[in-house]
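We call the chains A, B, C, D, E and F, going by the order they appear; numbering starts again at 1 in every chain.
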Amino acid sequence: MKPSAPSVELPNIPWEERPAGDSNVVWRYSKNPIIPRDLIPTSNSIFNSAVVPFNGTFAGVFRCDDRSRHMDVHRGFSQDGLQWMLDEGAIEWIYNDPDCAHSQYKYDPRVCWIEDRYYVMWCNGFHGPTIGIGYTFDFEKFYFLENALLPYNRNGVPFPRKIKDKYVMLSRPSDNGHTPFGDIYLSMSPDMVHWGEHRYVMGTSHGWQSTKVGAGPVPIETPEGWLMFYHGVLTSCNGFVYSFGAALLDLDKPWKVIYRGSSYLLSPQTYYECVGDVPNVAFPCATLYDKPSGRIAIYYGGADTVTGLAFCKIDEVMDFLKHDSTA
Amino acid sequence: MKPSAPSVELPNIPWEERPAGDSNVVWRYSKNPIIPRDLIPTSNSIFNSAVVPFNGTFAGVFRCDDRSRHMDVHRGFSQDGLQWMLDEGAIEWIYNDPDCAHSQYKYDPRVCWIEDRYYVMWCNGFHGPTIGIGYTFDFEKFYFLENALLPYNRNGVPFPRKIKDKYVMLSRPSDNGHTPFGDIYLSMSPDMVHWGEHRYVMGTSHGWQSTKVGAGPVPIETPEGWLMFYHGVLTSCNGFVYSFGAALLDLDKPWKVIYRGSSYLLSPQTYYECVGDVPNVAFPCATLYDKPSGRIAIYYGGADTVTGLAFCKIDEVMDFLKHDSTA
Amino acid sequence: MKPSAPSVELPNIPWEERPAGDSNVVWRYSKNPIIPRDLIPTSNSIFNSAVVPFNGTFAGVFRCDDRSRHMDVHRGFSQDGLQWMLDEGAIEWIYNDPDCAHSQYKYDPRVCWIEDRYYVMWCNGFHGPTIGIGYTFDFEKFYFLENALLPYNRNGVPFPRKIKDKYVMLSRPSDNGHTPFGDIYLSMSPDMVHWGEHRYVMGTSHGWQSTKVGAGPVPIETPEGWLMFYHGVLTSCNGFVYSFGAALLDLDKPWKVIYRGSSYLLSPQTYYECVGDVPNVAFPCATLYDKPSGRIAIYYGGADTVTGLAFCKIDEVMDFLKHDSTA
Amino acid sequence: MKPSAPSVELPNIPWEERPAGDSNVVWRYSKNPIIPRDLIPTSNSIFNSAVVPFNGTFAGVFRCDDRSRHMDVHRGFSQDGLQWMLDEGAIEWIYNDPDCAHSQYKYDPRVCWIEDRYYVMWCNGFHGPTIGIGYTFDFEKFYFLENALLPYNRNGVPFPRKIKDKYVMLSRPSDNGHTPFGDIYLSMSPDMVHWGEHRYVMGTSHGWQSTKVGAGPVPIETPEGWLMFYHGVLTSCNGFVYSFGAALLDLDKPWKVIYRGSSYLLSPQTYYECVGDVPNVAFPCATLYDKPSGRIAIYYGGADTVTGLAFCKIDEVMDFLKHDSTA
Amino acid sequence: MKPSAPSVELPNIPWEERPAGDSNVVWRYSKNPIIPRDLIPTSNSIFNSAVVPFNGTFAGVFRCDDRSRHMDVHRGFSQDGLQWMLDEGAIEWIYNDPDCAHSQYKYDPRVCWIEDRYYVMWCNGFHGPTIGIGYTFDFEKFYFLENALLPYNRNGVPFPRKIKDKYVMLSRPSDNGHTPFGDIYLSMSPDMVHWGEHRYVMGTSHGWQSTKVGAGPVPIETPEGWLMFYHGVLTSCNGFVYSFGAALLDLDKPWKVIYRGSSYLLSPQTYYECVGDVPNVAFPCATLYDKPSGRIAIYYGGADTVTGLAFCKIDEVMDFLKHDSTA
Amino acid sequence: MKPSAPSVELPNIPWEERPAGDSNVVWRYSKNPIIPRDLIPTSNSIFNSAVVPFNGTFAGVFRCDDRSRHMDVHRGFSQDGLQWMLDEGAIEWIYNDPDCAHSQYKYDPRVCWIEDRYYVMWCNGFHGPTIGIGYTFDFEKFYFLENALLPYNRNGVPFPRKIKDKYVMLSRPSDNGHTPFGDIYLSMSPDMVHWGEHRYVMGTSHGWQSTKVGAGPVPIETPEGWLMFYHGVLTSCNGFVYSFGAALLDLDKPWKVIYRGSSYLLSPQTYYECVGDVPNVAFPCATLYDKPSGRIAIYYGGADTVTGLAFCKIDEVMDFLKHDSTA
């Protein structure tokens, strides 16, 4: 069965209203974390994962580190986007070219419907981290396509449609370790396999985004531009702090930044964001968006250990960007 | 209205008795933190701040990092030293010389009445961190004086009176990052602008103070010497741990150390000291002192996120120094 | 009074059954930590310590860092292995050779009955960390023997009997700081003083044990080999994470690894393992073992701050090793 | 005038016979360096440059660092391949897309005739080093095409013909500094603009090639495979040492290594290789090859300061590879 | 005998005309080095030294490292500025305040006549490097004044006259090691003891001056501004390269840069600049200037081992600055 | 044929008188280097090697790095100690225990007659550098004994006779890279296999020996103590500088330092010491000593590339130590 394109209407988007007295643009789900570290018997942690609407319910690709701390991606389903069932085993990819089957690890997936299928992008261990691309039509069979870029790269994020007849991807060139730098670039492709026309989108800035920045969820198309949530990192004397904020990119030349929030939208402040395998991390990899209501649900990893949920409304984010922008 | 010099009596000093069964020289306030990270709508964190008696109540200069993680200093007032009202906006300094107005950031202020006014010293971003000096008569208008020293320096702390006709300041030469070294020096000035006659006070030692040390609150004059609370840093495999202890300096030659506690007086052990933007930090920047009762209230930052309060009695601190000293 | 060899029966081993619904091979004691950081008035922390059966009760040598953060080892006794009485002062060693008396610090002790006495091994500050060896017959007098190895070394762990007429020790060559590498080696000695015939046992591997590995408690003899619990370290962007797992070594050539678990048995996940002087540490230094029941009690340090207890059964650990082994 | 493809015959290849008594596979030109650091009035150094046969004589693209130490590429011509005339000014590239015109620096060019034109590849400063591609038909007008890859990359080297209808390029992913790692990868392109199907060719090995390796001149096609000269780096306590050696790659799947020399062919041993702006560097970027005689002339940079020439015979290199190979 | 102020005429300035065919603004003395490393029996090296006209001949203060590699400053005299006689022993300073007498090492002196005496500034080991100041009237007795600044600082260089009634000094804040950063600042003093009114002059730039810059000889007053020769450092993969260039500073506000040469004036290219205790160093600490002829003789250290001499004409340097300036 | 102990008379010691005008305690051979880098066809470099008197002529074990830069030790013979014949192939050791045969590399050998045979010690690649020990009776067959110590260690140097019935060895604990620290320790053994009773001999000091020190040739017994030549390292901004000096150790307790020269005896100053694979290295591994004349010939490596020779007289060295000592 070939799936059809997801609707812009998502009435069953998981949702909880902003708490009384809270003036923040983005607020947390009160029952966070929605996915604990040991949801499946073999998992050490489940975080930095991607969900999409699927046949009226929800499906996703989840980063699960097992108890040897090996990193891989697992399939999951949910009726309401809050309670998730994950496969105990990792996704088994179908490789056409055996030269590509080498993959030491997989993590931080993104999922995106483009044209006729769900594409998956993740950080793939191919002689160092780079961007692996695969796809599925049905969340049953998963096909590996190619490594889009040379190492070392992370945070490959596709746009949800072609722009000027090219597929478009954001990514963040890296090193092979805990990269102390990182800017967001954009690349274009006629076929999802060969990528070029690389453009610089934006680099580090001050404060919460002074060490590195990287794209988060698939950008959301708005009449004024592409809404990109992204993470930023500050280096304290005791390590990295991962927060996230937002920017608006030009619709036709998405490497042009229209607005860029100076403040973060969410920084690690709760126990499940501050205490865990990596303290002080809030890292978003997916959103759900209901266009009629303007509701956005943001899925993000907490402390590289669990998965949390946060909410916002698109018009309020746009207002924030217009007033807080430094671009 | 010109203010008058603060009295040595401070009957309204915030205070709470030592808990039963607690044998520590310094004990925490039971309702810590007294200032939460989001006391004002724009703040990410409020910590490492300075308070003084002011017209029978209390005033202070507070480090507030906003939600872009920009660092600046704000004015605050309190009736009881426990509940504080802070300005939402940062202090706007009056600059006489436009060449001085360049300041990328301001943090970790100290405030001290000397002669006829309140001097404020802080870490000022002047092509790297150095010691900015300003003053106020009334906590309404704040005048910038000069950068006292060349970069890179932090933890500039004034003495509360001239010694041998010179202003005196402690400071800690640094680098431009998360400085992995740091000794306390002393400098003298005829005019608060030109500083010289630099002397070495004390360097790192063992254990909790093995990586760096830096002066904390304005020293307290006692008949036996200047009581200096100071922070010390230990580097674990997972980062810096900031504790604080005490030393006694010679009254006339304050670069001579009479006593120096081998043990810390307070190390990060509570949730609000161990979990936050920078785990494991207890960092004092101010004390209040009631001479008749010997009570001291210590204001300190917790985890670079919130502000806490701790208490001690001066005679017990002096006893501690005499028995635990390594100097 | 000369002590007799400990029995293989230890009916009074501290014990608590696995919680319902828990499928892990190793589970935590529900009342952890059993030793708080301030058990004695001068202690900053008590962790990474060694216990043995002793005259029907239990004795131990404990790492106590005092409030200057000086590291030393203290004696302790317990009736039940759960509640401990520790000396306030550190052990005073009897030195025969004054050239050996130089010891800047002592930490991470192991204790082991061999032949006629209890040997103690610890990390000894002798111009850098190395392996100090001493012994006691009665936990009253403690004799210093020698530094077994040249600096820089840590985690010296004896085998509980001679093998082919030689004493045998595991150790982990290190550097003088927070060593970012570490493999387990084995050395042999005719006299506990001169060591040689050094053999390589095992090095780092993937995931939780990718930065360094080091022997933990004294190995337990089983018919199939020596059961060695050991710690492994993963380096996240925010520092080291210490977990522990297990391996089985050949009985006659104990540098030959028969099985080695791919997964950790316990990783830092509780508050007292994740928050403290060093976040994210679970570090075992001793076991008690009751052969008839197969019960094992593992003493381990949490967050370099407190001491916890965990339990397992030897047959389940052997099963785990056989199914999870990568060796 | 459209140029025609270069002949495989190059009777005027610069050449000097192996000195008597020299048993090395590669030997130096006796009049090295052929290009001094100050050949043009503004140059600080001229090295790591590319030459090709051109209309019966020779042309080239040369790395010239000027006296501000700015790096750029200059055009040059020579009658005999030994004496060169270089433009004083850097090449002015013609850009079609102004978004591409950003180039902070250009260095280490390679030049290669493919199909109908001379392609130039170099390390291009595009928010960090990456591989710029341009072309010229006549060494008069130079057109910029695109940055082939995302930063950070260096040593992009084209193959001299399409393989299975794709352009093929070697490159070495890097960081933004003095990269302490480096493996050789291969990428394919339908159009010289979009690159994918990335494959791993070979990584570091022992000794002279233990820190990093990178492709050098354009590979030479032989019946047995592609002959690739490449540089390797050893890190001594006093810095990098750049030598060069050779490998043979599969004709159809050029990411498969058939032979790889264990020994270097030339290491820095002369004054002009050991003393200069970067001591101990021999770095080849181009060869000339006369197929009938089997003569190869290798152009290489010395000490990042001057340009030298070395010689070998292809059959001797092939013999060397077969006997010294570790692949 | 009180000395009189040096004349602006210096007809006996050491001099050699520019070699034929040399188009460089600065050229080397053909008999360099003028001072070998072993001029005195105990010296390992003599470099980075300062000379002044003195009573019709020349005097100087020289950095001599002895054969334990201890660094100190020695007195020297010369009839012609080319052949020098140096004291075997280091200068013995007269200290008024014993708290100042602590000096672990002295190096890189500058000497300058101001008002009524010769001031000497050098890098003084006072708990890390800082700027020591002393003076002599007669090159017989040398008086220590004070450490002008807090550590860590190097390259303190005085202006030859007061500006707006203040002494003025350039310096370069540093760290305690091989400082990988460095900008030039300016400080003012009413009394040569207390320094303040710190201003930022200029920082690093591109190429040869991309890692750090520091003032060299005492600035030369010209009608258009202060001519400052300064060193710049580039970091290659094999270490620092020290070259020198020039800038012109505003006469009244000398922290304002009028011109700044983009190119270096001299970089290490000769054997005695490239080979020695520190390869690739050319480091100027003094000039002689004959105003009528416009001749300037520059004394500079080569490879941190020997002392060389270079020449230029002031009008040509001014022309260079005007045409090559990036300020 | 069993060899007999070498005589203390060595009339054929290589020798050249001190040049006229040279006042240094140690002077170089005028025909240095005596062994060029390419003495054998496969060698990249020959240095840091050990020679002994042998049957009236001379034999030695030489470090030869081949052209893959693999490090191994080769046998050599000489009639006069100046001209050497080296085997093209490396020594093939006879291993009794196959667990010991693992050796990734061998370098920096020392050779010493003790009791009845020639012992060889070298830096052996056994999971990192440590001290391998072997022996030969006849320079024909070489037997591997054991790795004396755990990694990481270098510069293992035996004493030429037992002291108090124990073999004695100096060594320098290290790390696995270009170790930036290093002190000299001493260990004792009853059997050359098991080593203990480790003692600290001496650490780094100032200047030329401020980064690390390590024993060089086998110590020479004198009536006043053991004469130990040793290397010291200074870290300049451009890397390590290896010089050598001398110390005198107590005859019975050789870990007690009687004298220690403050100055170096020889530092890298010639072309062959300053330019080569590692610039600025003079590294001694062997001496010859003729007791009747007091002549000492020192073999040392230059620039990690070639082998040089230097000379001194024992009474002059003893005088130097007595006057220049800091111990």
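A few points about this structure:
Here, contacts are C-beta pairs under 8 Å (C-beta built on N, C-alpha and C of every residue); 3 or more make two chains touch, one makes a residue touch a chain.
Everything numeric in this text was worked out from a predicted model, so none of it was measured.
Listing every chain that touches chain C and chain F alike gives an empty result.
Farthest from chain A, judged by the mean position of CA atoms in each chain, is F.
The most distant chain from chain E, with centres taken as the mean of CA atoms, is C.
Relative orientation of chain A with respect to chain B corresponds to a rotation of 120°, obtained by superposing CA atoms and rounded to a multiple of 5.
As for how the two copies chain D and chain E face one another, under half of their interface residue numbers coincide.
Centroids built from CA atoms put chain F at 59 Å from chain A. The centroid of the Cα atoms in chain A and the matching centroid in chain C are 42 Å apart.
For chain B, residues touching at least two other chains, in rising order: 238-239, 275, 279-280. Under the touch rule stated earlier, the contacting chain pairs are A-B, A-C, A-D, B-C, B-E, C-F, D-E, D-F, E-F.
On the side of chain B, the complex with chain E involves touching residues 99, 102, 126-128, 130, 146-153, 171, 173, 175-176, 181, 183, 185, 187-191, 193-200, 203, 255.
By the touch criterion given at the top, residues 37, 41, 44, 65-70, 178, 238-240, 275-280, 304 of chain F touch chain D in their complex.
For chain A in complex with chain B, the residues that touch the partner chain are 23, 206-208, 210, 234-239, 241, 262-264, 267, 269, 271, 274-275, 279-280.
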